[in-house]
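Below is the structure I would like to discuss, written out as C-alpha cells.
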Amino acid sequence: MIDVGIIGGAGYTAGELIRLLLNHPKTNLNFIYSTSNAGNKIYKVHQDLLGSTDLEFSSSINPKVDVLFLCLGHGNSKAFLETHTFSDHTKIIDLSNDFRLEKDRDFEGKHFVYGLPELQKDAIINANYIANPGCFATAIQLAILPLAAHQLLKEDIHVNAVTGSTGAGTSLSDTTHFSWRDNNFSHYKAFTHQHLGEINESIHLLQKEVSSEVHLVTNRGNFSRGIFATAYTDFDGSLEDAKKLYKAYYKDAAFTYVSDEDIHLKQVVNTNKCILHLYKHNNKLLITSIIDNLLKGASGQAIQNMNLIFGFEETEGLQLKANFF
Amino acid sequence: MIDVGIIGGAGYTAGELIRLLLNHPKTNLNFIYSTSNAGNKIYKVHQDLLGSTDLEFSSSINPKVDVLFLCLGHGNSKAFLETHTFSDHTKIIDLSNDFRLEKDRDFEGKHFVYGLPELQKDAIINANYIANPGCFATAIQLAILPLAAHQLLKEDIHVNAVTGSTGAGTSLSDTTHFSWRDNNFSHYKAFTHQHLGEINESIHLLQKEVSSEVHLVTNRGNFSRGIFATAYTDFDGSLEDAKKLYKAYYKDAAFTYVSDEDIHLKQVVNTNKCILHLYKHNNKLLITSIIDNLLKGASGQAIQNMNLIFGFEETEGLQLKANFF
Amino acid sequence: MIDVGIIGGAGYTAGELIRLLLNHPKTNLNFIYSTSNAGNKIYKVHQDLLGSTDLEFSSSINPKVDVLFLCLGHGNSKAFLETHTFSDHTKIIDLSNDFRLEKDRDFEGKHFVYGLPELQKDAIINANYIANPGCFATAIQLAILPLAAHQLLKEDIHVNAVTGSTGAGTSLSDTTHFSWRDNNFSHYKAFTHQHLGEINESIHLLQKEVSSEVHLVTNRGNFSRGIFATAYTDFDGSLEDAKKLYKAYYKDAAFTYVSDEDIHLKQVVNTNKCILHLYKHNNKLLITSIIDNLLKGASGQAIQNMNLIFGFEETEGLQLKANFF
Amino acid sequence: MIDVGIIGGAGYTAGELIRLLLNHPKTNLNFIYSTSNAGNKIYKVHQDLLGSTDLEFSSSINPKVDVLFLCLGHGNSKAFLETHTFSDHTKIIDLSNDFRLEKDRDFEGKHFVYGLPELQKDAIINANYIANPGCFATAIQLAILPLAAHQLLKEDIHVNAVTGSTGAGTSLSDTTHFSWRDNNFSHYKAFTHQHLGEINESIHLLQKEVSSEVHLVTNRGNFSRGIFATAYTDFDGSLEDAKKLYKAYYKDAAFTYVSDEDIHLKQVVNTNKCILHLYKHNNKLLITSIIDNLLKGASGQAIQNMNLIFGFEETEGLQLKANFF
C-alpha cells in the first residue's frame, strides 16, 4: 500500500482521481488538500461519493506521501512547488501543462518525464516526476505516433477533434452554460491549441527529420465526457499494412486498441481506453481516435503512470465498467 | 404602427421580444435599453439576429413610446418605475413577478392587470399596465382553470412540472453548468415555488369557495426550452365530460388547444401555444399542459397582451414556425 | 469461482451483466447464449468491450452452470424455462417481470423469491430462484418501504418518476428516435404502469392493513440512464424523525443511502446505489429516490442477489466508478 | 396566390414545407399527398400543427397546381415522374438527389436547374424544374464558392462537417436510437459522401481549371438540427482581403451573412440563414459555415427557390424566428 496525496481536490480531475483511488487495491488516500473546502466531506463536492467514503478535505499537507498528484490550474503547479517541499522519495505526477514541454521539464532540481506510456514506458517506470499529457494531446498522439515511429509522416496531417464540456473545467463560462451548449456546436483555438506543442515534440522524438505540419481544429461538443479525433495524411501502403503497423505498435499497450469496425465515442466513456480505427481512401489514411478526456486524457492516465512507477500491474484500479449509454 | 421600447435588453426574455417584434407588422422597435451593452449592435448579444437587424442597444429612454416592456430581474421593475416617468399614453407590460399578486397590483398610481388572456381577456383589453404571468404559473393555470370556472375543484391538486434551463436566465450557476445538467434531473423549491401565489389567486377568482390545495413539485430538466406539467385531481364526470368542458372553455383562446392524442413537449417549442391533454383513470382526471417557457410563458404572452391592448389581431406576429425537432 | 451463464445476451441488461461479471473476482463467464449472434465476438455487439474480452456468443447452453441469468423479453422467461432444463444446483435469476408477482412466483416446481435485498435479504440468501425487481419498482419501493415497515402509510402516495431511454430497451421505436426524444419530455402509462403490482405487494407485506393508494405518473426523460422519482404522502413526525427512521431502515443496506443534501440524478449513474433525500413541508413528507435503471434497477441488483445467494460480499464486483458527468 | 402540392407528406422535409407554407402569404396548400396517411389530419403526423391547420393528407393528386414539391426518398422522384403527369405550367421542385448532378438534370423532357441561389439566381428565376441542393452540399458550397468565383482555389480543401440527427430522416436506425446517439459522436462516409458530386460540379462551374480536391469527413452530432462545417485551404491574401471578397460575393444574398465574430451552430437553427466566419492562420484560410439542415439545407431553400421562380420577395415566408436556445 502506498500513501497518496492530492493537491487541489475540488476540480474534475481530482474528483476522478479520488473515484479511482478509492477502488485501487494498492493505495491509501492519505490527504486531499483543498483550501476552499478544508474540513468538508469529500462527498459534499463530489456528490456521487456519498456512501463510498467519509474522508474530508484537508487543510494540511503530508510531505512524506509516496505519491503526490497536482490537480491545479495551468500555471499553478510551478508556483506550488516553489513554495512547498516534499520528501525525496515522494513521486509527483502533475496534471497541468506546466512541465509538458521540453523547455519546462527541468524545474528546481526535478526532472519531469512526459507521461505517455505508449511513447516511452521505460522512461516512466524510472521517473520520479511525471508531466501527465493533455487530453487532446493524448488522443491525437495515439492516432499519429505509429506513423512517426516508422518514419512514415511525409505530408501534412489534418486533425479535427471534439471535446466534451468537462474539458473546460468546473468554472462557469458562457460556453459551458447549458442553455448555450445544449444542441450546439462550435470551434475554438483553431490551428493554435496549446496541445500542439506536446504533439509536435513527441512526433519529432520518433521521426527526427519530419516536416509534416499538424493542422488542428478543436471543437466544443454538446456532451460532457470524451474526445473524438480524426486525423488524415498521405500513406503509401494498403489499409492492411496500416492496421498491421498500428496493431504491432500497440501490442503491449495496456489500454489502446485498434478496432476493425467503425467506432463511436461512447465506446470509451468512463474507461481508460483509447480505441483507434483506420480507413484508407485513395492515398489518404484516416485514423479515428477516441478517449475519455478525464480518464485516458487526464486522471486515468495519471494512475496508469503511478502504476508503472510503483511496479503495480499497469491496469490496476483501471479496469472500469464503461458507461456506454 | 406603434413605437415599442424595451428595458433590460440583454436577457433571454428581451431577446425573444426582439425576435418577435422584428417580424411583427404593427410595431416599430424604438429603443432597446441596456446600460451594459449601450452602443453595441443587438446581434452581438442575440447572435442569431445577425443579418436581421442593425439596431443597437441604447443608453437613453424615450418616455413617449406607445408600449414599454420591462425585462428586468425580479424586484427591479418597482425600483425602475420609481425612478423613471413615462407619458400617460405609454402602456407598460412587466415580465417580472413584481406586480403579479393582488397585493402588488397597485403601484404609484398605476393599476396592473394580471395578463393571462385565457382568464380575463376583457380586463386586459382595457388595461394600461400588465403584470405578465410566470412561466410555471401559465402552464399550470391553463391546466386547472376550466375546473375552477365550473366550481369543480373539490380535492387537492397534485402537480409536477419540469422546466428547461432557459427558465433560470442567462446568469451562470452550478445547476446551469452544462457538465452538471447534461443528462441530469433534479427538483427544487418543492411545494414552495413562488408561482403558487399567482396560481391560487386565479383559482380563487373563478371558484371562490375552494379548499383544494395545489401541491407542486418543480423540476430542472436537461433541455433548454419548455415546460411540461401534469396535474391531477378528483373529477366525477367522464373523460368526455372533461374534454367537452375544456374545449368549451378554450373555444375562443387564440393559442390554447386540447389534444385528443398524447402530447410531448416539442409540439410547442418555439411557439406561443399551450397544448393540453386529458386522461381519466378511476376518479382521477390527469391534465397535461405544455408551453414554451420563453414564449407563452413569457415574451410571447407579453406580445399577445400588447396585441389585445392595441386592438390588433391576437395572433399578430405570433404565428411562429415550431422548431419541433 | 462460480460458473455463470447468460440467456439473451444482446440486450442492454445482458450487456451490463457482462460488463460487471468480467470484473467480478468470484465468477467465470461460462456462456452467453444468443441465437441471433452465435459465433460473434461479444464486443461486436457490446462495443465498449473491445480489448476487455475475446469471448463469443454461444449457440449452446451449459445446463450445469452455478447461476443463470435470464435476460429475455417480458413473457419469454416462462417459455424458456418450459423448454429448457437445468441442474438442481443451478440458481436462476430472472430479469423479466415473469415471476415478480405473488401469483407468478411458483412455476414448474420452482419458487421465485422477489429479489429486493432492502426488503428481504434473508429470503434472498436462501433462495434458489430470484425474480429481479423492475427499475421503477426498485426506485419507488426504496422511497416508500421504511414508512410501510413502521405502519406509517395513512394517506395516498403521489409518485412522479422519470426514466432514461435505456429503460425502453434496444428495439427502435418512435419515442426512442433521437430526433424525437432529444430535448423532449412526455409521460406514458399514467396510473397504470405494470410495476405498480410489485410496489403494492411489497407495501402490503410490510404494512398489512394499508389503504393508501399509490398514484404513479411515469415519464420519458431525454437522458439515457437513470430513474428520478419523487413520492410524497402525509407524515405526522418531523423531518428529523423521518430521517432517523429512514437511516435506521437502511443502516445495513449495501447500496442505499440517505443524503442530507439535495440530490440529482447523476450522483448514481453507472453505480449500483440508490440515494434518497427527505424533505418536509407542512404535513407532507417528500422522498426523492435516484437509481441507475440498468444497475440497481436491473443488472446491478441481479449481481447483488447473486452475491447474497453465494455468500460473497454483497458489494463484490459492484463498487463501481460513477460516471457523474 | 399560387396553388401548391406536396408529394410524400409524412417526412421531415415535407413537415418543414407545410410549416413554412401555412404562414406564407402567397401560397395556398392545395394538397399534401401521402398514401400511408391519406385521410388523416396533418397534425396527427406533424403534431406541432394542432391548432394551426385542419388540413388532411390526400390520396389524390391535382396535376394542375402551380408548384409541386417532391419530398420522396432518394431515387423515388424519377420513378414518380415517370408515372405521373403534370400540367405544363406546373413548376417542380425536387428535394431528393435524383436530379442534382449534371448527368441527371435532363429527364423526360424536363430540364432541372440546380437550385442554389447564391450560385445562379438568374437561372433559378427562369427555371421550371429545380433540383434542390443537399444539406451538406449547401453548407460547404457557401463556404467555398467565393474562392472559386475568383479562381483562388489552388490547394486541396479540408472539410469537416457535423450534422444533426434529422439529416438521417424519420426512419429508425441504430445510429438514430436515442440511447446510442445521446452524448455520442461518430463519423460516416469519410471522403465519399454523395454530396461531394454537387460540390465539385459547382466549384468547376466557377473555376474551370481547378485541381483542388475536397477532402470531406462527415460526422453524426448528438443534436437534432443543423450542420456545422469547417473548411480550410491555402489563401495568399490577408484576412481582411478574404472578408472583403466574401462580403462582396454575398452582398445580394438574401440569407447568407459573414460574421466578424466567432459563430456557433444555434445562431441559425430554425432559420433559413447561412452564417459564415473567416479566420486566417499562417497561409491557411479557415471558413466556418452553419445552416439548419432542414431549412437552408432543404425545405427553406426550396421555398426560396419557389419565391424566385414566381417573382415573390426572396425572403417571403422565410423571416423566421430563430429558436436560438
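By written order: A, B, C and D. Residues from 1 in each chain.
Keep in mind that, in the parts below, contacts are C-beta pairs under 8 Å (C-beta built on N, C-alpha and C of every residue); 3 or more make two chains touch, one makes a residue touch a chain.
All values derive from a computational prediction rather than experimental measurement.
Engineer: Would you mind telling me which chain pair, C-D or A-D, is linked by more contacting C-beta pairs?
Structural biologist: A-D
Engineer: Report the chain whose mean Cα position is at the greatest distance from that of chain B.
Structural biologist: Centre of mass proxy via C-alpha means gives A as farthest from chain B.
Engineer: How many Å are there between the centre of chain C and the centre of chain D, using C-alpha atoms for each centre?
Structural biologist: About 46 Å separates the centre of chain C from that of chain D.
Engineer: What whole-Å value do you get for the distance between chain A and chain D if each is reduced to the mean of its CA atoms?
Structural biologist: 40
Engineer: Can you list the residues of chain D that touch 2 or more other chains?
Structural biologist: 12, 164-166, 179-180, 182-183, 222-225, 263-264, 266, 269, 325
Engineer: Give every residue of chain D touching chain B within the complex, in rising order.
Structural biologist: 12, 15, 19-20, 23, 44, 46-52, 164-166, 182-183, 224-225, 255, 257, 259, 261, 263-264, 266-271, 273, 275, 294, 319-325
Engineer: Within the complex, which stretch of chain D touches chain C?
Structural biologist: 12, 164-166, 168, 170, 172-174, 176-183, 222-224
Engineer: Can you tell me which positions in chain C touch chain B when the two form their complex?
Structural biologist: Residues 158, 160, 162, 164, 179-180, 182-188, 190-192, 215, 217, 221-226, 228, 230, 232, 262-266, 269, 279, 281-282, 284, 286, 288, 325 of chain C touch chain B in their complex.
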